[in-house]
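Two complexes come next, and they have one chain in common, chain A, joined by chain B in the first and chain C in the second.
And now, the complex of A and B:
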């Protein structure tokens, strides 16, 4: 098999990886597949962010997230917390002809999460369904997880959150770290993440969420097509957030 | 023996008063930080470690450097370090005491500090660092107290201390190695992710710590007629000279790898340090000053004639400490955050309360150091009279 085709067929796990680098990543892919076959593995949540459908002036997902999870906005970039946010990628060289690109960023729910690896008190951990959670009663606020995250997805509560829109979900005091958890509290009740609902209601359907272990699910189908990209896919973190049109 | 710390001249009490004032100022700011959170510091979502962790890193080095007097004295029976060893151990104790304090004041939830021991986590370098530092503190306390007590009574130290002394040598190396591993194992921070970080930390530690010991020895001789001997100071100066040259070499190796490979991730950090990025260049003047002082001091230290002149040596030691403090206490930690993994350039400057808390922790260390040295000097004076 020609190496190019081989890489293409291996799909998203290899996006952005040079051929020489592929062996250890292939190894981790195969172990994932084995896990998927196991009846014990259960669900594995993942998300596809379709940038071709995402409107750069829309804030539905971000607003819904803030509302649902009581994510603090202080009006100062030094302290603002974001679980899902929009970043603009500008080409370094203006003469390159590349356009600015707007990208949604969030916790990538790595299968091999560096934040959980470095946490000195196991406050950050990965649940069986692959969601990376943080125990806000155990977190000592050392901020090591933020520093270890290659996606800048972890945030720290520098001050108390004055707002508390959703009384059914706790807000955080100052001194603990946090990040997106795919609205695990809603998933556990059979719901879907707030951002996904909001995006659908706004008529975009740019966020596709589901169980990657379920071969019938839309996300499993999309991932199988092999056209999606993951950020820093070659770093061994095995993110479970995929991008279309990145 | 301990009562000597509570009796002293007016000058001694004034000194303790100065350190206590620093502690008080720090405590006031810290109580503010406890209620308001780390928002009173200059840290942000992008630069999430600042001067606290940087001081921690610098002081782990000072603590580890005691091995530079312990090893020659106990392993090679180098007698000239006889009077210096206890000063080295005292410095290690006070430095290693400040390390966990700097971590503590950096925590968002300091009252949960014990979670590190309640939930031991083998895969976290921070857990291992805490273990190594605590072990080193206990070792130095036990070794320092027993050997000094034996010396006071005029006999040899008990036999069971010897294995502890031998153990303290690798543990000294380990505390700074594991501290470097805190940084160098993170794929998200290419500036830190370099295998030379631990050796580089050790080299700079073995330059700054002994420099501090030289200054302390010279001061004690001037103030209290407590003389560690010219030979000991000259040997320390030689150690500083070698360590400084090795430190600069290691830094040069870093420069080569980053700049020659020309990989943006690696080049940007160095660009930020020395030139600034996107108009942010608060660090650049510091880094240029630090590097210039480092090179000048290293060159002058190599020349035996300059080293031999104790007054000139003292100036060089101040230079060495200053340059390494800039490098470790500011440069290495802060630059790891710039640019961020997403390419953002955010500057960091410590705030006044942050500096006050830093001064407070140093106050605690200096208070302990002053009292320890007071005991040593008093007991030695008494022995001389007898």
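And now, the complex of A and C:
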């Protein structure tokens, strides 16, 4: 048998063998692409932080956030992760007449998020309902988003989180960035962010959350009144976290 | 031996046969040995469901055997990109397959696959530990 004939004869046979072997696998690969009909369309979640009601010694929202989202607290500021935190802002000089203020800071859920723009692997992205979140499976830990975020809202997991209070929600292992995502996992089930619930239970009701596209909602009406401030709205990041009394 | 005497017209087909045999050998071995070796090495993954509320697996067993990693990724993308949380996720698997050591680790160890899932996702190590997490409707992100 010369080579030509051999190849001619063995080719189809080989193809047949490999084809037959892969058939059961191929047959089971029914196409199951993720649906395009997302239930998120049309919504635009936003939050109002009412600093006139927020008590500067209260930690209810921060505690609730750590409990719900397994946010790591190592006890060392180099490694601690905060999704919502409290900062005291002081006037630059005493003569300005401005007061010291205790402000809650969190991811502002920018409508034009710099963090998502710089992420080289599209791990950070904006969902259809406007929530900016991270696909931690994809995050390569480059920390571009931490540099891009003008609000210092992104934190990096330098270490594994030793605590795991809420087993129903994943924790993050070391090497990924993270920030607040408005408890998207609770929203998808019809709930509200853990901090909002906690603040209400603590009696302050300083956090108001809702769909800004729904004209009936409290937040939409508050925003319409036009008395709310956003942090550095002039940057063009279009934050969806509004402040009352800033 | 001179080159011309190795590749005579007659020898050529012999070489071709040997060559083909070498190439086809692994395919043949795997074709014959596929079921036998898998059954011998791989544990019986479906452990008796204990007070499980699920009647069936989320996909049929052949698909799960060959494609569970893709199925999990499809569910993952649905959940985190589109917010569709209509399927059981990793921790839900633990409702029926309660022992991670038997259900995940043994096969992956046999196949030399390193699993990254459990650094972040909770999966009960044993049936007794499972009670810590009620139900399989997990709010996974």
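As a working rule, the second predicted complex is superposed on the first by the 202 of 246 C-alpha atoms of A that agree within 3 Å, B and C clash if a C-alpha of one lies under 4 Å from a C-alpha of the other, contacts with A are read in each partner's own complex, and residues count from 1 in each chain.
Quick note on the criterion: contacts are C-beta pairs under 8 Å (C-beta built on N, C-alpha and C of every residue); 3 or more make two chains touch, one makes a residue touch a chain.
Worth saying up front: this structure is predicted, and the values here are computed from it rather than measured.
By the touch criterion defined above, A:118 reaches chain B but does not reach chain C. Of the two partner chains placed around the shared chain by superposition, chain C is the only one that A:129 touches, whereas chain B remains out of contact.
Contacts of A:147 after superposition on the shared chain: chain B is touched, whereas chain C is not. In the superposition on chain A, contact is made by A:156 with chain B only, not with chain C. Within the superposed three-chain model, A:225 lies out of touch with both chain B and chain C [touch as defined at top].
Judged by the touch definition given at the top, the superposed model places A:87 against chain B, while chain C stays out of reach.
Once chain A of one complex is fitted onto chain A of the other, the partner contacts of A:171 are limited to chain C, with no touch recorded for chain B. In the superposition on chain A, A:184 makes contact with chain C only, while chain B stays out of contact range. Shared interface residues of chain A (contacting chain B in one complex, chain C in the other): 160.
The touching residues of chain C, when paired with chain A in their complex, are 9, 12-13, 16, 20, 24, 27, 31, 60, 62-63, 66-67, 70-71, 74, 76-78, 80-85, 91, 119-122, 132-133, 138-141. Against chain A, in their complex, chain B makes its touches with residues 36-39, 43-46, 48-49, 103, 106-110, 112-113, 115-116, 118-119, 121, 123-127, 130, 182, 185-189, 336-337, 340-342, 344.
The part of chain A that touches chain C in the complex is made up of residues 1-3, 6, 10, 14, 17-18, 21, 24-25, 28-30, 32-35, 38-40, 125, 127-129, 133, 135-137, 160, 164, 167-173, 181, 184-189.
Across the interface of their complex, chain B is touched by residues 77-81, 87, 105, 114, 117-123, 138-144, 146-152, 155-160, 174-177, 235-237 of chain A.
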